[in-house]
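Which chain is which? They are A, B, C and D, in the order written, and residues in each are numbered from 1.
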């Protein structure tokens, strides 16, 4: 038991330090699984979508554009994913805020998108990336995004 | 028989017209198959790559970033794919031209990238898209791009 | 006494001229003191902030991002500081104006940000720079900005 | 000893998983220590510098502009830091490559800067950020950058 206690004691500082200076991140395997879920859900609903997954730095890990989607949705999905990871919150939060205050000051907030379909992805309370969906109505985009993040 | 001949006669102009105004295009299924080949080749060689597939309009259909690749390779792979489809030629053509003329005038050519790793994708003589690879040396990027396009 | 009067008379135009063509400016030492005050206030309140100090030309003298702040706050704090020094007024003035007129015309004003947290910094009536704060609610950002400028 | 072996066995998968999906990151405290070293070195040499520290995603954690530095050095230092973290290599590598090949193809590489003064920062083999220095000659910028990274 003494040895056990000693081992725990010796390991503890290392683990503590790791927690202080280490953070989780999203792999391509994770991003592919999330994207597959988004694509499957879109097909089941009969929608065509652009699906974007970003890492915690706002860089694209995965993008796929289903056939027939308007090309404008590529930049929209990228912008939604960026907004979600830059502000650690769903783009719908900005959409609701603009409706609630009847105002538009959020328009002057750099990189903010106020249209549903962007969601941050967290692991153990730390942001590790985001998803951006565009192609159908914003509510439908949001439905696919939520379904996909649940698959992570 | 007369009726059959009449029908063919009536249909003929329509079919001719359709052939004149149709062009092949790259589907997400095609892009996924090409990307899978690129990723498989990269893994076999022990390289980490960003793989970008664009359509004939220079819009991203598929992007995947393998774990551990420098983030700068995302913009580089996008730029290579864009150069390849914008100019209907491999980015290596510009690289070779710059070396041959010992000059820099290509630097002023909008959207041109003079680094190997970008290839146009043709079908029946018509450009339908491109691939951009970045992550290893430019020669290795080019090897993966060629391997992947052969899988189309 | 006559000589003294003559000397003053001769020097006076020179001094006047010098006063006409000089302006105060913000040093890195000033910016560091203001940033330290902002960071101390943020920690005391339990908030994580991005703190930006600009000079009179709208160029960043100092930026610091506290751990854990959403990355979107970097661009937001820069934009607030820029708006404050470009228009010599707090960003809250634009926010209030948009609310008061229920309108959106300020959205079309280049470089204007209509969200509290940006303040100009004056010395003897001359603008010498600005501060931009982002990371918590806009009201909290404004609290930190005001506290910090008072430390100048 | 059996208990010890069991404990190690139980801990092993957790630690392995953590290594797979966890990565180190740069804190503001780290960035401040590195910046302080850069500023002290600059002062000792009689140089004025802009000092930029970025995180692994290419986002600014810390920026300070010493008094009297040309304003153009702000964007230069940011660009050098971005190049270093985007390509996981010193900007001098691009500078040397351009000299060696007598060519300019690197000019077409998005986000690449071919001027000494940008260095990546690694921890245990993983990139966690970068430094960008500008204000004196590029060789002097590089001297300060190297000195500062050694202080991490």
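Heads up, the rule we're going with is that a contact is a pair of C-beta atoms (placed from the backbone, for glycine too) under 8 Å apart; a residue touches a chain by one contact, two chains touch by 3 or more.
Please read all numbers here as calculations on a predicted model, not as lab measurements.
Minimum number of contact steps separating subunit B from subunit D: 1. Subunit A and subunit D touch with mostly matching residues; of the residue numbers seen at this interface, over half occur in both copies.
Most remote from subunit B, judged by the distance between CA-atom centroids, is C. In whole angstrom, the spacing between the mean C-alpha positions of subunit B and subunit C is 49. Rounded to a whole number, the gap between the C-alpha centres of subunit C and subunit D is 29 angstrom.
Averaged C-alpha coordinates give centres for subunit A and subunit C that are 34 Å from one another. For subunit C, residues touching at least two other chains, in rising order: 71. The full set of touching chain pairs reads A-B, A-C, A-D, B-D, C-D.
Interface residues of subunit B facing subunit A in the complex, by the touch rule stated above, are 27-29, 31-32, 57, 59-67, 71, 74. Those residues of subunit C that touch subunit A in the shared complex are 70-72, 75-76, 78-79, 94-95, 98-99, 102, 104, 106-107, 112-115. By the touch criterion given at the top, residues 1, 3-4, 7, 11, 18, 21-25, 27, 55-59, 123 of subunit A touch subunit D in their complex.
By the touch criterion stated above, subunit D contacts subunit B in their complex at residues 56-58, 83, 85-88, 101-112, 127.
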